[in-house]
Amino acid sequence: MTLDVATVDMTARIGSLTLPNPLMTASGCAAAGRELHQFFDVGELGAVVTKSVMTAPRSGRDTPRMAETDSGMLNSIGLQGPGIDAFVEKDLAWLREVGARAVVSIAGSSVQEFRDLAARLADEPGVAAIEVNISCPNVANRGLVFACEPTSAASVVAAVRAVLPPTIPLLAKLSPDVTDIVEIAAACVSAGADGLTMINTLLGISIDVDRMRPRLAGLTGGLSGPAVRPVAVRCIWQVQAAMLAGRLPTVPIVGVGGVRTGLDALELVLAGACAVQVGTVAFHDPSAPLRVRDELAKAVQERGFSSFMDAVGHAHRVLATAEGTR
Amino acid sequence: MSVPSSRRPGGPVQVAGRIISVRRVGAYQHLTILAPGVAETARPGQFVALAVGGERTGMLLRRSFSIHKVTPTGVYGGTVDVVVADAGRGTHWLTTRGVGEPVDVVGPLGRAFPLPKTPEACVLVGGGYGTAPLFWLADVLRERGCRVDIILGAASEDRLFGVLEARRSSTTSTVTTDDGSAGTKGRVTNVLGEVIDRADASVVYACGPMAMLRAVTDVATAHGAVAQVAVEESMACGIGICMTCVMPVEGPDGQTRMLRSCVEGPVFRGDTVRWESWQDGIGRVPDDCVGAAAMRSH
Amino acid sequence: MTLDVATVDMTARIGSLTLPNPLMTASGCAAAGRELHQFFDVGELGAVVTKSVMTAPRSGRDTPRMAETDSGMLNSIGLQGPGIDAFVEKDLAWLREVGARAVVSIAGSSVQEFRDLAARLADEPGVAAIEVNISCPNVANRGLVFACEPTSAASVVAAVRAVLPPTIPLLAKLSPDVTDIVEIAAACVSAGADGLTMINTLLGISIDVDRMRPRLAGLTGGLSGPAVRPVAVRCIWQVQAAMLAGRLPTVPIVGVGGVRTGLDALELVLAGACAVQVGTVAFHDPSAPLRVRDELAKAVQERGFSSFMDAVGHAHRVLATAEGTR
Amino acid sequence: MSVPSSRRPGGPVQVAGRIISVRRVGAYQHLTILAPGVAETARPGQFVALAVGGERTGMLLRRSFSIHKVTPTGVYGGTVDVVVADAGRGTHWLTTRGVGEPVDVVGPLGRAFPLPKTPEACVLVGGGYGTAPLFWLADVLRERGCRVDIILGAASEDRLFGVLEARRSSTTSTVTTDDGSAGTKGRVTNVLGEVIDRADASVVYACGPMAMLRAVTDVATAHGAVAQVAVEESMACGIGICMTCVMPVEGPDGQTRMLRSCVEGPVFRGDTVRWESWQDGIGRVPDDCVGAAAMRSH
């Protein structure tokens, strides 16, 4: 059965949040949606995840800030942005105006900064959810990245959860650069995360063999793109499996990492993701988020699911059945 | 074939293009690409971002090229011409494509060269393939009654592009090469002051390598002309969503900001660019840049 | 300057071991060299690193054992092999016969097994070095991978070092799937590792969207190939930088991960590797290890180095100079 | 062009090949590839591993194809023919190549079909593109005085390959299709017993999907013939260095081992293969396999 337009129910539920479909942009790969709106109506997406915003305006890092690698890229933007006030006034207002659902990503260099940012957003209309980008250095802890340490990660989540109304779900975005992602996931969920976004970029370096120095001015960068999809699928799988095994409470997972097509998105969904973000691939194909939505809908329908949510985590059930009948 | 149009008037579209002509020109490959929807609204100074490597390629990012010229009303739709130097793996792929092959195009992108409201004398300066967008610009300027003088520079003769076109589109055209293999030996800036003065030019348009743009800005300013320069920064997206292509530019309020050269450029007023920020291939964020202070905490 | 045949001194030194050139096969990507010997003389390589061998013969895992991913692949072989006795009798003997330098990779499910394997090899002629593959589950510690925990990693290294003669260098092969690779590297060096090999594969999963189950019969697999090179370069860089900063004693680094060309190898070398292994790419191009050797020699010479060893870690020096003059 | 030769007599070489002819045959693409050094030593049942995707592709692994035929002494050197089904991204790339395009070839690989020492009656069975290597085998067998009967099966008519060639190279040829669109409706094994009996065959050669090979082995054994089957396992390297392509095969000592189908196969005696190990696409290591016990510890 090949379909031009899928009619399957694509409603995605992330805790208390209901979205018309599971497709989102990825933080830092869509700015605040305005530029992509030239190519498609961003209101048609499940949500627009905005670039991680901090309190003050930030210039970002020195350039070059990017290096292309095999099936991927490194970036070292340094969270360039206008600061929370300008963000709320201009970007959030614009998203509201065009009828887009905004998942606002926040970043801080201290627990206090995360809390303040969340408090500032708590009463703003049009915030569908908050995503905390904990892949930033914790100034109080020798610059160690929050996401790499369960107690640091948990303290951010708890602080943010405390100032947000219950109507706004909190997603904790995890880094794959850890020995045990389930441990970090469990710490975030215990601290009150309503969902988990996986994965942020992997730490990488690329060297310019002509200039014989690192390509990125900032030395290290985040690796993203199709190259990392197997790592994203693995992280989602491990956390979903741990939830199924009762090792941590079940919360929704938002998948991100190397999605180029609807079938790539389906990989993440079958592993356990109930929403999917498209990041780097939007640089190559600006209409990718919407294209992937349609391709995913078709793929879900062709596989005989009556609704998108039925496909979430389905590979775990297939595997359990196969092992059971062995 | 219906012509795709941007959801923003004059904005970019993404279109499955097709190469309809390829020609070798010196060290460059000149491609004509059927890309309906791109040509119709493009203006000189804008660029296109082309996908490279074909299906299942490991090269994820598009490559950017100045639009050399457009033909909005071909038989099959609008076409866009680009001039490509074989500079690396992606451009190598492009320069080895044949007629009939598909090329995905996003464009037109970026801000065009601002045009003078009244007829003014203009000097156009191009380095290497940086001359590509200038002849179209020259035509548009002359239509508005402007005098146009062109300076073409390159490392060597084979890296010059458009010597004949320059002669056709200008009052005077001057060629310089670093090695003296054609025209005057030396840099474009060796002759620029003289050409500005002779034409009594008030605007200098330039496209080429960073170092050249800086020098052009200095000479133009010294000779009382405004420099409008089209820069070339490494771009991951070309459409304003990634923040990789930024450079320090001073705004009307005297504040320097890291602006995206893909959407707030590639054309900037030369005297607003903080040229001193580049050293050894690294573009430093100036200490007085908006938001630089916040970077010091981490 | 373009050269057909480079004349630069390519001698590579890994502690007490001197090799005619820095190119090696990667463990598990060349069996014991016999098959590649059909394409080129494996004696011409710096060394042949053999597939990790365990005590007993092993059937390996169920199939499928591989899945192609973007610019990479996943494998889940399960260390199929003949066991140490057959290895010594047939494979090691053959390598000796053809005049190849053998770096023997060993794997164990307990510290005891590692020690016994090393003891068995200690007196065998033709062992140029031992590489301990500590990316295997530690049966005594809930199956936790040795390489993911500094004390487990160190106990393997110490046990092996204790039974090897000082003439045989010991390389500890590290996993990138850890929060802090410098910590593991330091533990291994303190325990007596003469060198570090980086990196082993990254843990990944790929899902078959038609069968809606993981592609690999063994569920997870190791991600390798050009996709992971930025992670390899980053690990090598971090450990080399830590050595330069005196955070751990300086030992040689053997680089591995996604090398396809001589310029890729040079990236690893500039980051700090004094030898380079070619793994997955040999599946695509069986003569890759030797081709990369020649390409690397050419690249080193074209950059004006008088010997290969001068290029090792050079990017750190370039960066230090650049920062110094800023 | 000098002919590369393997460092092991009769062993594989790697060569930069070139496509010199492409033809559509039903659902398949039939390619002739100039690949000096490969053709010269190849024998029926061996295969080649082709690089796919071109330079800078994200597809890292070669794809394997049975050699359909070879012409060791073409004008420019030896050629190899393969028959390719468009089954996924890599084969899609191959089936869309044109004449003149480069294709990197490694081959000949694997063990060929063992030939009977004395003239025997042989039945050749192919499923889908699995028939590709059989006509060359038939020719070699007939040169040795063997009687050859061929059975071709496929899901539907367009998936049959070589119906005419089969007629030319055999005493009798039989066609079956699952949907009855050509020949007898049903499976090859519906007619195999009868063909063996009629020809009084002692050997059955087969190439095709796993399930077919298993069924062919059963029928052949029941009818007193030895089955020699060419299997198709997922292969990362094709040359014996990666251990991905293994399958459980019983040795002369009665012990089952996980053998590499690329170097110890792809041709195995059907009755040595532990067919019951495959279920739902997973190949289980039999409990009694050499080295299976050691896997239980971790």
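The chains carry the letters A, B, C and D, assigned in the order they are written, with residues numbered from 1 in each.
Note that in this section contacts are C-beta pairs under 8 Å (C-beta built on N, C-alpha and C of every residue); 3 or more make two chains touch, one makes a residue touch a chain.
Just so we're on the same page, UniProt names per chain: A, C = Dihydroorotate dehydrogenase; B, D = Dihydroorotate dehydrogenase electron transfer subunit.
Keep in mind that what you see is a predicted model, and the values were worked out from it rather than measured.
Number of steps on the shortest path from chain B to chain D, with steps defined by chain touch: 1. If you compare A-D with A-B, the chain pair joined by more contacting C-beta pairs is A-B. Centre-to-centre separation of chain A and chain C, using mean CA positions: 33 Å. Centre-to-centre separation between chain A and chain D, using Cα means, comes to 45 Å. Averaged Cα coordinates give chain C a centre that lies 35 Å from the centre of chain D.
Contacts with at least two other chains are made by residues 58-59, 280, 282, 284 of chain D. Multi-chain contact residues of chain A, defined as those touching 2 or more other chains: 70-72, 211, 225-226, 322. If each chain is drawn as a node and touching chains are joined, the picture has every node linked to every other. For chain C in complex with chain A, the touching residues are 69-72, 74, 148-149, 177-180, 202-207, 209, 211-214, 219-221, 223, 225-231, 233-234, 237, 258, 263, 266-267, 270-271, 299, 303, 314-315, 318-319, 322.
The residues of chain D lying in touch with chain A in their complex are 58, 279-280, 282, 284.
Residues of chain D touching chain C in their complex: 6-8, 11-14, 51, 58-62, 104, 106, 233-234, 236-247, 257-258, 263, 280-285, 289-295, 297-298. Listing the residues of chain C that touch chain B in their complex gives 70-71, 226, 322, 326. Residues 53-59, 89, 93 of chain D touch chain B in their complex.
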